[in-house]
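For reference, the structures are reproduced in the following blocks.
You will see two complexes here that share chain A, one where it goes with chain B and one where it goes with chain C.
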Partner chain A sequence: MRPQSVGWLFLAPTLLILAVFGVLPFIYVLVVSFFDWNSFAADPTMRFSGVQNYRDLVFDTGFLMSLWNTLKFGVFAVASEIVLGYFLAQLFMRNFPLKGFFRTIHTLPLMIAPVAVGATWRLMTVPGLGPIPYYLDRWFGYDYLISRYAGQAFLTTVVMDVWHWTPLVTLTLLAALSSMPKEPFEQAQIDGANKLQTFWYVTLPLLKPAILSAVFIRLMDAMRTVDEVWMLTGGGPAAATRYVGLYIWRVVFPKTDYGYGSAMSLITLYLTIVLCWLLYAGLVARRDLRKPE
Partner chain B sequence: MSGLKRMLLGAAVAGLMVGAGPARADFWSDAAKGLEGTTIHGVSESTPPSNYVKDVLAPAFTKATGIKVEFEATSWDQMYDKAIKDMEANTGIYDFVYIEQDIVYSYLSRNFLVDITQSLADKPNLKAPDFDPAMFTTFVNYFKGDKGDIFGVPMEAFIKVYLYRKDLFDDAKAKDAFKAKYGYDLAVAKTHQQYKDNADFFTAWGKENNLELWGSTVQAHTGHPASWYEFFESIAPTFGVYNWGIDASKNYAASVANGGTMNSPESKKALEFWLSLLPDAPPESTASTWDEVAATFAAGRAAQGMVYGENAAWIATNDTKSKVVGKVGVALPPLEPGVLEAAESGKGYIGYYDGGAFGIPHSSKNKDASLLFLEYIAQPSVQADWAVAGSRITHQATYDDPKVVAQDAKTDGYYTLMKNDGRLFAGAPPYPFHAQVREATAPMFYQAITGELSASDALDQMAAAAEKELTKLGYRK
Partner chain C sequence: MSDDVPLRRAAPHGFLPIHTNAFDRVFISVVCFVAIHLFWMRFLEQDISLYVATVLSVIVGAIIIARG
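Right, the complex of A and B next:
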């Protein structure tokens, strides 16, 4: 057998899985997005509607609002996770009593299923009964009511996401910090760089690949968040936390509007890819372009 | 006839009866011959009646027939999600599914369900001797097709009632304080203004006496359809707005301009009334679905409220789960003038008659075994214990069972109320576009709860959205 054939043979299982669970469903969704199809319509059959579903999306204020809210959620959550994750990683680089214990505790949220995270936060924040609203009211007289006030609900979903996913960023950055060469830091010290300069000109550039990986992974995750938020707020109050994943779920499942939901899914996928590409172009490619030939 | 002959005849009759007894008792094992070891899968909403099926009836059925039952009792959303996807894709995961009264029209329009009447006629060996559709209450009519055949075996039926705290309404100090403040006697509300006064009073009473007590429950989740349902099923009808304000005879009109009533003055008044109760409701109300409302009342946090009847029994009698055992009263909901008369004459209704049945999907791979299971749970002999456990009644005769009569006394006559006045309540309108219209209009409804939209603006927008959705679905021409 030629070496090239052996290579394809080894790749075959992965390619098969990718085709069955990735490519084929994608093609199916693409096809369905050009049809008007609701199984509880007067005519429940698929009727070709061209680009009507895509045209409707442009005027769907609910969808556009959910996209905007998702973007805000992603930016706030990921930025907070990166900053917090960096400081925690730096903390775990140092030695202190019970470091191993705290590192284990800190990683525990990662092992909890998103639905369980949502349920836990719901129990903690349920108006009138949960410990968070109870003590905020008792100690500070603060009316914390996430089922009524949009801003509080939004902020709570961000905090919940940060609580759940910051350990992933911490571990990523901790691995990167642990594997950094000592020489550039020694060189910076010899050159008289202060702590801020060392961070800006040495640490940050060396950490950049790890930070970017974390940002891309977390941003893509944030764009498709459903289960945690569904458990916590159900997308409410009103549309305050109805992020795009939840919006699509409502259109496709309870509403059974398969064509429209498919178009939404594809547009969301496209926007996520564009967002990541813009981020990549802005943070990586631009600097690469400036590199001398 | 001589004495000896009489004795001999009596002995013969007794012998025949004794001989016939085991044959009848063995129907289940006889009918299940060849099906032993089969496993049937079912899905339902996790409610007290469903949990009774899961914990009691399913194991008993397995013991009687050798047919195993795997029964998922899950959340309302998940139950629909799983059942509909299974039936649409024809995968045959589920052999019986829960059909809530309001979804049956959607299922029938898609021909998802097996005709039970026809199936039993085709296979008389599967027909249980005591299975008789005439024994059900009229609730079974919701599960009949055009020809009168049954497509679902009713397993729960109850009304959404007005529950109130008898101890609070009978409290002498509270009575005096109420009369001093409002100028009339504290009593169970007959009108909406009286209900509102009661709610205001008990909220203030709770504050003054440092109690965790509010004036009313409100099922007002701001991101779950439960709030939408409370309004359209339980509040709007008490103001004379029926069928969600959509008139099928007028080209499925929802707006007043086109002949509907979704944004009629009565509807707007109803929503304003319901929203006015929010300050009198416990803080968890805007995060409450049907389950949480029952829990709120059981925790003693509300003086009155509209609660699904499936919870009435445990709230009133189960002291391991409820703090208000022995303190619960039941009544008909408060009404606008003329609504009761309209209901009595069959032109309207005063509230929601909820419930559901188990049906067999066409996609089921074990239809015979499932048919036996549905007949098993429909036996008259299992109804009373089930009614006591889940405050549900689907057989007319169950009302008179001594166990139910005893439970009735403990629940301040809930079963009597259901028996006598159940006819004034109604299920959801026979529309096959149930979830579609709900999802199209719910966002504006939630905005009304949060105060982003006024009641009037919300209903105007909802009526327009409903008509747009119905046009898209092809019902409105």
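Right, the complex of A and C next:
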């Protein structure tokens, strides 16, 4: 057997799984997105409608607003998680009493199901029952009511996501920091670099692959977040936290508009891929276009 | 240098500001294809047919794949 054939043979199980669970559903959704299909309508059959679903979609202010909100949510949540995750990773690189205990406690949110996280935060933020509105009112006189104020609801969903997913970023960056070579830091020290210069010119470039991986994973997750937000705010008040996943869910399940839901899903996937690709292109694949002197 | 070392052609420098291979350029073409169509449907379709967008996208895609 030729070496190339052996390689393909080893890859075959993975490719098969990828085809069955990744490529085929994608093709199915792509096909459905070009049809008008509502299983509970008077005519429940699939009728070809061309690009009508996409045409409706670009004029759907509810969908566009949900996309914008999701983008804001993703940027705020992921940026906070990266910054906080980096500081926590640096903290766990040092030695302090009960370090192992705190590291375990810090990792616990990762093990909780998103629905349970949403329910827990709901209980903590319900007026008259939860401790957060109670203490904010008692200590600062702050009227905290996420069912009324859109800004508070948005901020609470971001904080909840940060609480849930920062440990993932911390662990990723901790692994990267632990495996860093010492020589570049020693060289920077000999050259007289201060802490900020060492961070900017040595630590950050060495951490870039790990940071990018964490950003990609978290951005993709943030773009498809549904269950946590559904449990916490239900998408409200009004549509302030109706992120795109929730919007699609409302179209596909209660309204059973499968064609339109498929089109929205594909556009969301498209935007997620483009966002990640732009990040990759801007930070990794960029080349110097200046002409050599 | 040993004669056994195979000669590798230098990657061509296109107009895109990133290092690309053929797959990257096809991917960028598809991204542009979708973006042009969505933009067209939102802002221009009332006046100009969507087929124009398709033709334009194909031309843009071909340029990116060939020269990108």
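What we mean here is this: the second predicted complex is superposed on the first by the 276 of 293 C-alpha atoms of A that agree within 3 Å, B and C clash if a C-alpha of one lies under 4 Å from a C-alpha of the other, contacts with A are read in each partner's own complex, and residues count from 1 in each chain.
We take it that a contact is a pair of C-beta atoms (placed from the backbone, for glycine too) under 8 Å apart; a residue touches a chain by one contact, two chains touch by 3 or more.
Note that the structure is a prediction, hence the values are computed from the model and not measured.
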item	value
Touching partner for A:R55 - first (chain B), second (chain C), both, neither	second
Partner chain in contact with A:Y270 - chain B first, chain C second, else both or neither	second
Partner chain in contact with A:W139 - chain B first, chain C second, else both or neither	neither
Touching partner for A:R250 - first (chain B), second (chain C), both, neither	first
Touching residues on chain B, where the partner in the complex is chain A	77, 80-81, 84, 88, 106, 109-110, 221-225, 282-287, 432-436, 438-440, 443, 446-447, 449-450, 452, 472-475
Sites on chain A touched by chain B in the complex	38-44, 62, 126-129, 133, 145-148, 150, 233-239, 241-242, 250-251, 253-257
Residue numbers on chain A that touch chain C, as the complex places them	51, 54-55, 58-59, 267, 270, 273-274, 277, 281, 285-287, 289
Interface residues, chain C side, partner chain A - complex	17-20, 24, 27, 31, 34, 37-38, 41-42, 45, 50
